[in-house]
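Each of the two complexes below includes chain A, the first together with chain B, the second together with chain C.
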Partner chain A sequence: MASESSGRTFQEYLEHHLQNLVYGPLPAGHERKFYTKGDDETTKEAYCQSKNLDYDGEKYCKETLTEDGWYLANNKTDVDAMGFWALHIDTMFFSVLLGGLFLFIFAGAAQNFSLDKPTKLQLFIEMMIDFINGVVKGTFKAAQNSLIAPMALTIFFWVLLMNVMDLVPVDLIPYPAELLGVPYLKVVPTTDLNLTAALALSVFVLYLFYSIKSKGFVGFIKSISLHPFGPWMLPANLFIEIIDLIAKPLSLALRLYGNLYAGEMIFLLIAGMVSINLTSFMGLGLNLAGITLSLIWAIFHILIVVLQAFIFMMLTVVYMNMAHEKFEQH
Partner chain B sequence: MNLNATLLGQMIAFGLFVWFCWKFVWPPLLAAMEERAEKIEQGLKDSEESAKKILDAEEQSKKMLAEAKKEAKKIMDNAKNQSEKIVEESKNKATEEKNRIVGSAQSEIEKEVVNAKKTLEKDFAASVMSAVKKIVAKEVSISNYQDTVDKSLDDFRK
Partner chain C sequence: MEVEAARFIGAGLMFGLAAIGAGVGAGVLSSKLIESIARQPELEDQLRPTYFLGIGLVDAVPMISVGLAFYVLFVA
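Moving on, here comes the complex of A and B:
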């Protein structure tokens, strides 16, 4: 859809959709590039000049920064130049919005909880609380910890809501936003590795914290060094256990990211089919095929969206349970 | 796709969300749900208890009714007895009274009879005597028949 109208190739369309809206520091001397508009050289150049920028003779207007500052990235070069201290505005915005929505609804239900006359929303929320409570009680048996269940609830609903953004048609939000001057927009926060890694790392930090808290520091060291082969094979044990340890956050982060990123990618590829013009018979067929495929994939994706949220929540509870287990010599 | 400061921002956001849920969402919801579960349990227990109470009350009322009936019967029997007794007693009293009245009348009559006899005796004796005197005066002197007269008088007396 967007690829034809904005004069991009399909590849550019894909890249555009897979790029976050990045805000970060750019050094003085960095050259920024903007798409120009117009049909021929002269109108393109005029467009650039109207914005007080130079024209590079092809697609872009360019500007060389005279001092350090914080900017919205306009392209890959900008993003690369920003380095670590860049922020994905879209990921932050949508994730905080959805997390806030979740907490708002649930806190509201807690506030207006009626024992005798529950609303339908309240019944749904009670069902969810019961469901999470059941999962946590069934899985987390090593100790008592009041944090686990609310954390599981938060993870499940937050991740679920963010995943559900994947079902919103790929151009529905980014395209109007681009018309309003937002250069990039990714609306599915879970397709950003930063977010999934942040969740996984937070869980991992808690894992380490509770491991050391319940086993003691020495116990924790013992659990990764004397296990599974006994003290005579200490290096092998360490090797295996450290890999096992690192695999936990890595698998958590990559599983969610990979699933959602791939899902989004397939939506984009299907959307690419729909973008071909409707005048030819072939184009019409592709459009119809695209719409059908999009529907099928969306229906299938509902399953993935819920499943991934559930898996992330479940694994978190399992890891927390492992962290609370006392060290035992096998 | 780079890892950048978003990671830190997201970790902070996640921490805040979990903290908020932990402090302000989960406990009140769970507490409210547990309260309701308790309330339902209590309600069921109460209804069971009240059903039992109703049964008890029914039984008690039956018992009380039976007892009341017994009591009523007893009272009625008592009353019957009492009335019979009263009737009997009054009968007895009446009989006694009658006997007494009849007795006193009889003695009165007897007295009257005795009195009448006495008077009759006197009158008769006097008339006999006068008759005899007249006869005797005509025929014999009274002294010859004094003994016979006395003897017949005696017989009469008896």
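Moving on, here comes the complex of A and C:
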């Protein structure tokens, strides 16, 4: 198994790949654990002692913190102890990097714009802008707002780029990073609920803002309290409309997260199956099966990756359209 | 009941129900798309994006269920 080469069981391999790189505050007195290196107990103990740590007799070196401070988490107990301020720095790093990449490519194409000799990149970007423009024009009809189409373009490409990281082989970036001393690394930002929830909440804040702007504050209150059944059923209206309101960001966030997480999970299971031992017949067979399965799943996943980015964008535009509708008494 | 056995039964139920739901949903959607195109072939370009949007929405929840089933089976 690929997991064996890193000295882990299949289970530990999966858990290792599903853990973010977390940076956060740890209180004094918290006990941190590190993986030791070595084959038998004496070498493991020597390794711990060379780093001035205690050895716990099995897999870990122990260190008890003497003062509060910000640390990189080494395992789940560290993450639990960090609580609210556990920052997923790998998610932040890769999402900002990919957002920057998107802006860099599009800005570069805009600056080298030419009517006589368009480059292939320029043509591709024009095509994409036409496509998004068409979708927004077809869906967003309630009002005039020049912010919606650029926002849709940004969401589509940013989410698409983050999703495409899922097609990068699962060990290609995390394994070299681990050799360089990064304990955990998750390269697909959209498999982190924090990121998808942040995106969905941003859309939700815009939804509330435009709702109140176009309907007025009183109109907004009316739209959530008087709507399906009329003024005599106000509590029931409020109940239904508030659930409807909260379901919007929740479903946006969970749909994107769930799809990408499930996809990543299946890639990991296939990768865990692939053998590194090429000498035995069994190992060779598993390897071939793993490569074939990875390929099939990757090809199927291309559809999901693009579709989920498109759906996120499409639903954002639909919600924005709903926000811009004027309140009407039925 | 053994916890291990319950885990396998649970994961199996999740896979199966997800497949049934997604199958029915995608089947209804596709059949309606073909019907609509057969009736009004000139609307095909407008129907296709909506169809893919629907397929994406139908596909999402079972996919999540499959991912969680694998989680239950191997990690939890």
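Definition applied: the second predicted complex is superposed on the first by the 319 of 330 C-alpha atoms of A that agree within 3 Å, B and C clash if a C-alpha of one lies under 4 Å from a C-alpha of the other, contacts with A are read in each partner's own complex, and residues count from 1 in each chain.
The rule is short, and it goes like this: a contact is a pair of C-beta atoms (placed from the backbone, for glycine too) under 8 Å apart; a residue touches a chain by one contact, two chains touch by 3 or more.
Values in this document were obtained by computation on a predicted structure and should not be read as measured data.
Annotation for the three-chain superposition on chain A: chain B and chain C fit side by side.
In the superposition on chain A, A:Leu201 makes contact with chain B only, while chain C stays out of contact range.
Vertex at the C-alpha centre of chain A, arms toward the centres of chain B and chain C: the angle is 90 degrees, rounded to a multiple of 10. In the superposition on chain A, A:Val96 contacts chain B only, with no contact to chain C. Contacts of A:Leu254 after superposition on the shared chain: chain C is touched, whereas chain B is not.
Touch criterion not met for A:Ala142: it reaches neither chain B nor chain C. Set against each other, chain B and chain C touch different numbers of residues in chain A, with B touching more.
Once the two complexes are laid over each other on the shared chain, residue contacts for A:Leu269 go to chain C alone; chain B is not touched. In the superposition on chain A, A:Met233 contacts neither chain B nor chain C. Within the superposed three-chain model, A:Val182 lies out of touch with both chain B and chain C [touch as defined at top].
In the superposition on chain A, A:Leu14 contacts chain C only, with no contact to chain B.
After superposing the two complexes on chain A, the closest approach between C-alpha atoms of chain B and chain C comes to 13 Å. Chain A residues 18 lie at the interface with chain B in one structure and with chain C in the other. The residues of chain A lying in touch with chain C in their complex are 10-11, 14-15, 18, 135, 138, 254-255, 258-259, 261-263, 265-266, 269, 304, 307-308, 310-311, 314.
Within the complex, the chain A residues that touch chain B are 18, 20, 22, 24, 79, 82-88, 91-92, 95-96, 99, 102-103, 106-107, 109-111, 113, 115, 125-126, 129-130, 133, 146-147, 149-151, 153-155, 158, 192-195, 197-199, 201-202. Residue ranges of chain C in contact with chain A, taken from their complex: 46, 49, 52-53, 55-57, 59-61, 63-64, 66-68, 70-71, 74-75. For chain B in complex with chain A, the touching residues are 1-11, 13-15, 17-18, 20-22, 24-30, 32-33, 35-36, 39.
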